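Each of the next two complexes has chain A plus one more chain, namely chain B in the first and chain C in the second.
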Partner chain A sequence: MAVSPVVTELSRPATELRAAASPLRSLASGQASSNGTPKPVGALRKNMGGNPPSLDLAEQMNEDEKRKWVKGKKLGEGTYAVVFLGHLRDDPSTLVAIKKMKKVSKDYEEGMSHDAIREVKHLQELQHDNIIALRSVFSSKDQNLNLVLEFLPLGDLEILIKGDQQRKIPGVRYGAADIKAWMGMLTRAVWFCHENFVLHRDIKPNNLLIAANGELKLADFGLARGFADPYQYMTANVITRWYRPPELLFGAKHYSGAVDIWSVGTIFAEIVLRNAYLPGGTELEQVKLICEAIGTPTEDNWPGVTKLRDYAVPSTNPVRGKAYYERTFEILGPEGADLLMRTLTLNPNRRITAKEMLQHSYWLAQPQPTRKEDLPRKAGGEETMGADLKRRPGVVEEDRGSRIARKLDFGAG
Partner chain B sequence: MPRETQAEENFTLDRCPACGRMRYLNHDMEFRVSTICYHAICTVCIRNNFHQGPSKCPIMSCGKTLRTKDFKKAWFQDLGIQREVDIRRRVATVFNKVEEDFQDLDSYNAYLEDVECLTDDLVNGDDDKKKLAELKLQQWEAEHRAEIERNRRLANESEATRRKRMAAEEALAQQRRELEIQEEAEEKLKERKFREEMLDSLQQGEQGKANEAVNKILLKKRGQHKKDVAMEAAGAPALSIRGLVDKKRTAAVVDEGPYDPFMGLDLLPTRVDVSKERLAQYDNDTLKKVKMDDAWKAGGYSAEEYLSRALFEAFAGLGVFVDEEMGERGVSTQGAAQAAATGVTGGKMDID
Partner chain C sequence: MATEDARYRSSSQYRVWSYSPARLQELRASTNALAKQQIAPHLPADPAPDFVTAEEELRLVQWATVELLRAGEFLGIPTEIRATAAIFFRRFYVTNSVMTYAPTELLKTSLFFACKAENHHMSLGELSSKLQGTTAEQILAGEFLLCQGMRFCFDVHHPFRALEGAILELRRQAPHEEERIRQAHVRTREILKFSPLMTDVYFHYTPSQIMMAALQMVDAGFVDMLIPGSGSGDDTATAAYTQMRDRIMGAIANCRTMLEEEPPSRLTEFWITPMKPLRRKLQKCRDPARLDLVAYQRSKREEALNKEKKDANIADDDVFGGGGSARDTKRRKVDAVEDPFGPAL
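So, the complex of A and B:
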């Protein structure tokens, strides 16, 4: 037994030792060093009396990790996950978002969903200012997976662009410098993913969250995957339709980081136009929109495209030139228009890469990007977010509250 | 000398410690306090002792040299407090930075703490400390003369604007109060009207539609109220706020230099060459197909990305020394390192 110091540290009763008898197991879980993995010994000591002795080491460490966090009110609910506000038990001021993965599909009864695995796998490894940070992972009762993520209170880029229709919040006002700052942060995030051989495959404005300090953060790695080996198929059915590149619409099975770059380009255009650039209702319509707005992919501008499985184009339009981009996206200036044109290149082999994007002269041209602290923020701010979440929809509010509040207006005196 | 004894021994309003005359017998006795040693004596003594120029303090144990102009009226009964207030006033004129001069709360708090420590040394400290603090104060004054002057001017200005604002607010509040009364009356009227309306509609409407009618009226009223609130908000005067961080000003001060799109991050691998030219030289049958076949080419699959990943994975972990990187991580990794160093793995354990 003396071999594993982890075990000898704890002078536990014999029954327990049997449960944790495999030092391989205990070491393996103690060793993994990336963020959010529990460090067993200190935590174990703290909870020696707390847990029933029947738990094995892994379970106990999970229990300790779980106990570090306090789950607060529900922030939102999606198809795949429920998000709660939470904080550290020791320090209530460090807020986090706890994402509890739902067991939606019957197929995954025996394990975790792909989304959850992908998210944990990639977020564990990627640590960057512009990528959402994964603080911890634990499983709660019934083996539900909980991801402890950075709390990003200021909404997402979509709200900034379009406002919130439901809550009647208008989008914020922003200018060329702000666009440059946001695009810079987005491009860095994508570049960082690609340099670490990860394809995000679902870049869209509402996956770009805004941190309290104004920093833009790439989130939702539910569709992410590592770069594939040469003879490995990848599915073409990824990326939200409006942001999906033509090669995926044509059903390519081998693709590269260029797919994310197309998404970045469409977002770039969307920020400028304040409207989705290519809002196709179906995949066919999406192809049509691309052909109209950017140009029709042909053998000339994209060798081999006609061999792709789902290649079908409605019409033949010439590819738009630089003048078109400079006219339509005037606010970006000639450099910005050039960068946009390169990100929206039809042929993925000729499309600019994330690294080349960052080397582009656009970033150095005037105006300088806004400092992240000075970027425009969601109208209403945190308070309205809290208030809106508290309100129940469709209930006629009593009029009394507001009347009383006015009476107590301390500013009036 | 300790403050308490000074206050108790020296300052009595009924009897002058220098000449011993009593207030009981001399009704017009007045006392002045020396700002040097904080001894209080009567005005007659001051005239007698100091009208010919500087002289020793008439209190025997003191021995400080004083002048007529060193004496002044004490505001506080407790001379200890009087002294502290004087010192604080003096310190405040020198250390006159305000919250807005600081970029963050921490540095502001640190400054406040420094000032308070210095003041405390001057007030309560022993002689050494006092001397040191005095020196510090003078040094600061000499070094920051221009800044102090500027802050003083600013403070005066802001005082003036504050007074102006107060007056304006006062007027506004008055106006608002009148409006409030008027509004109250209106509200009452509205309430009555609303009730009548509701009763009317309930009367007219059929039994089943009663609820609907109530809801409709409620909604209507709510809309009206919302409009009122919005109008009120629009009319509210802009509030002037004096805050900690003046972001605009610091932004002007802190020039970060040219924008770096990479934010100082260089992810180029150091152990392998992944330049395009070098990657083009890697060649084998597997890759040939990837590079030539349309299934890969048209989809944009990049052999270079694959190659750089393969190279990265081949060399990943080389040159990493677990001991060095994880040294401070605590027992778990130490245990792991130990296990790694001794070469004893868990596999052996699994046999039994």
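So, the complex of A and C:
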């Protein structure tokens, strides 16, 4: 066994050290930076009068960032995060949601969670009207991570579709033009992610938040990752079940933006039906629903599919044709039905891409999409944003047991 | 979204982590001055403490970067993730002093965190057991500090993919030059694995400029092939092109000058021995309060915990905790089953 090359510390010199951690260190005050770019701290001013202890440059910059925001009332609290309303100190009309991540001790054995790292990593890079904006990140004294996100007070798409059962609020009424507007915003968000080589991997209605101006925003990047290099394995255990594409249900280790497109397709159908399109209770059932509603993946319609690790199907149904989509999703018109069908193509290599979606004739057909300010909306979603953000980012429930069970089940049949 | 340039300008690497050389120097000088100011009261006054200078700090960071790269290789961490770790590490020491936080500790934390940020499975236990005399606690102790020092920017753009693109393009343009292209590929990659990480080029240049500069060191003719001159013609479009090309070539030349200060041969050739005096000097001026990072972090945590208790604001974990964490443990297990050997190298 080779020995690690990491150098060990030189033996510590036996100099006598003055009393360690002293409470009264000299203080250097930070300077506010205007645009998030670090400003060198030129003057190391001494501050008399026993103020905060002196800070490293890194800490000063963090303080500067923190000081830009004012934390207001609590919007919600969950196991993994507390969400506060907040605003810009210099401009109280700029509202934000401050999401303070908790360190759940059990999870913290490996340090900062993957979900938090992914969320921060990707939101730092993605600036787009239809992606939730991360305005700032800073740490609080207790070494917790605080994400300053734009405030999106009008709930999420799930509430628009189904209403809020808990608070007994019915869903809103909407029509073909509204659907087109929401789908357009969602498609642009997904296109932007893919254009920047990011897979979201958890697109679902309650991750689509609504801004005060009606704009739809893709949120929760806790399961996102960059496109893998061609040789690299990725986990198939992503995307909430109802929105999960067949290739992931079959355990594919290499996949592309097509996984997100499938989710977009299932949401498209859900908005029309006002009900989840493929609400499988287990992975087993999920595959069954796909086979019934869309068609059974076979070597004919998807060369190579039977080689996927967890491939197993309950029955062989033909793939639905355009007529079926036009009938079932009549409100979308023939162009809309065509687009939906292409997003729900079983073979991921033939599934439409986000860019192709944007070039589809659906957007040009009548009716024109509703302007975002005119979209139907719900009032008072503060608590909802609290609820949406306090969830653990990117948790996909369930375990592999069901997948093995399916194999056994279908294998027998 | 417009051009690739516009896209790069929206990246954190450009927005937060690009500086002019003068500005970078200024930041490092501030970091050094602040550290001295803080540490001085804790060291014997007579003789006056002999602090390392900002220039010496930089040399120590470079030296530790070599150690980081070697450790990363030893651990089987892929090239690109080693590079990410090195950049995390170097960013950290722009606003933190080596006198405050030991680079020999932070380099391990950087490797660990880079693996997490790049989806490379490497558990804390695995890492600490492979790194002699390092506990998991030590690696974790620096994590939060590292993140803060990186200003919570976890995405690094490297020149490696740019190189792959350039090679594809060269193969297309010069199919008869396969052997020359192959050699340029290998040798450019060798440079990219080392020189940019040892110098400040990531702070000043884009990934494609860094790639072009490295390729130019190996085979300047290929750079001319990829960025051809405008030929003859004196219309305005040609003039604009020529002007743009001159600017690009100027940036590449400057970047190249920096890279040439740290050629890959330095990795094996030079570092270790002449560093000893400087490392000894560092030992004598380190912040005594933060010599033991684990103890330091523990006391910070207790401080925070006490404060929290005072706030009497503890209940929710108990209310929601059970279900959530059980589910999560399950999820982690699932992930472990998915990739028992981690990704291919």
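Before moving on, here are some points about what is shown:
FYI, the second predicted complex is superposed on the first by the 318 of 413 C-alpha atoms of A that agree within 3 Å, B and C clash if a C-alpha of one lies under 4 Å from a C-alpha of the other, contacts with A are read in each partner's own complex, and residues count from 1 in each chain.
To be clear about the criterion, a contact is a pair of C-beta atoms (placed from the backbone, for glycine too) under 8 Å apart; a residue touches a chain by one contact, two chains touch by 3 or more.
Small disclaimer: the values here were computed from a predicted structure and weren't measured.
Judged by the touch definition given at the top, the superposed model places A:Gly214 against neither chain B nor chain C.
Look at A:Gly295: by the touch rule set out above, it reaches neither chain B nor chain C.
Using the contact criterion defined above for the overlaid structures, shared-chain residue A:Arg225 touches chain C, although it does not reach chain B. By the document's definition of touching, neither partner reaches A:Pro205: not chain B, not chain C. By the touch criterion defined above, A:Glu125 lies against chain C but remains apart from chain B after alignment on the C-alpha atoms of chain A.
In the superposed model, A:Gly86 makes contact with neither chain B nor chain C. When both complexes are overlaid on chain A, the residue A:Glu195 reaches chain B and chain C alike. Shared-chain residue A:Leu57: touches chain C; no touch with chain B. Touched by chain B in one complex and by chain C in the other are residues 3-6, 9, 21-22, 25, 40-42, 128, 192, 195-196, 226, 228, 231, 396-397, 399 of chain A. On the chain A side of its complex with chain B, the touching residues are 3-6, 9, 21-25, 27, 30-31, 33, 39-42, 128-129, 184, 187-188, 191-192, 194-197, 226-231, 247, 250, 252-259, 302-305, 307-308, 347-349, 351, 358-360, 363-364, 368-369, 371, 373-374, 396-397, 399, 402, 406, 411-413.
Against chain A, in their complex, chain B makes its touches with residues 173, 176-177, 180, 215, 218-219, 221-222, 225, 229, 239, 247, 251, 256, 258-259, 261-263, 265, 267, 286-287, 289-290, 294-303, 305-306, 309, 312, 326, 329-336, 338-339, 344-350. Residues 1, 7, 10-12, 15-16, 23, 26-27, 29-31, 33-35, 37-38, 41-44, 67, 70-71, 74, 92, 95-97, 100, 102, 104, 107-108, 112-113, 116-117, 119, 123-124, 130-134, 140, 143-145, 147-149, 151-155, 276, 279-280, 283-284, 288-289, 291, 299-301, 304, 307-308, 316-317, 320-321, 324-325, 327-331, 333-335, 337-339, 343-344 of chain C are the ones touching chain A in the complex. Against chain C, the residues of chain A that register as touching in their complex are 2-10, 12-13, 15-22, 25-26, 28, 36-38, 40-42, 44, 54-59, 61-62, 77-80, 102, 104, 106-107, 109-112, 114, 117, 120-122, 124-125, 127-128, 137-139, 141-143, 145, 192, 195-196, 225-226, 228, 231-237, 392, 395-397, 399-400.
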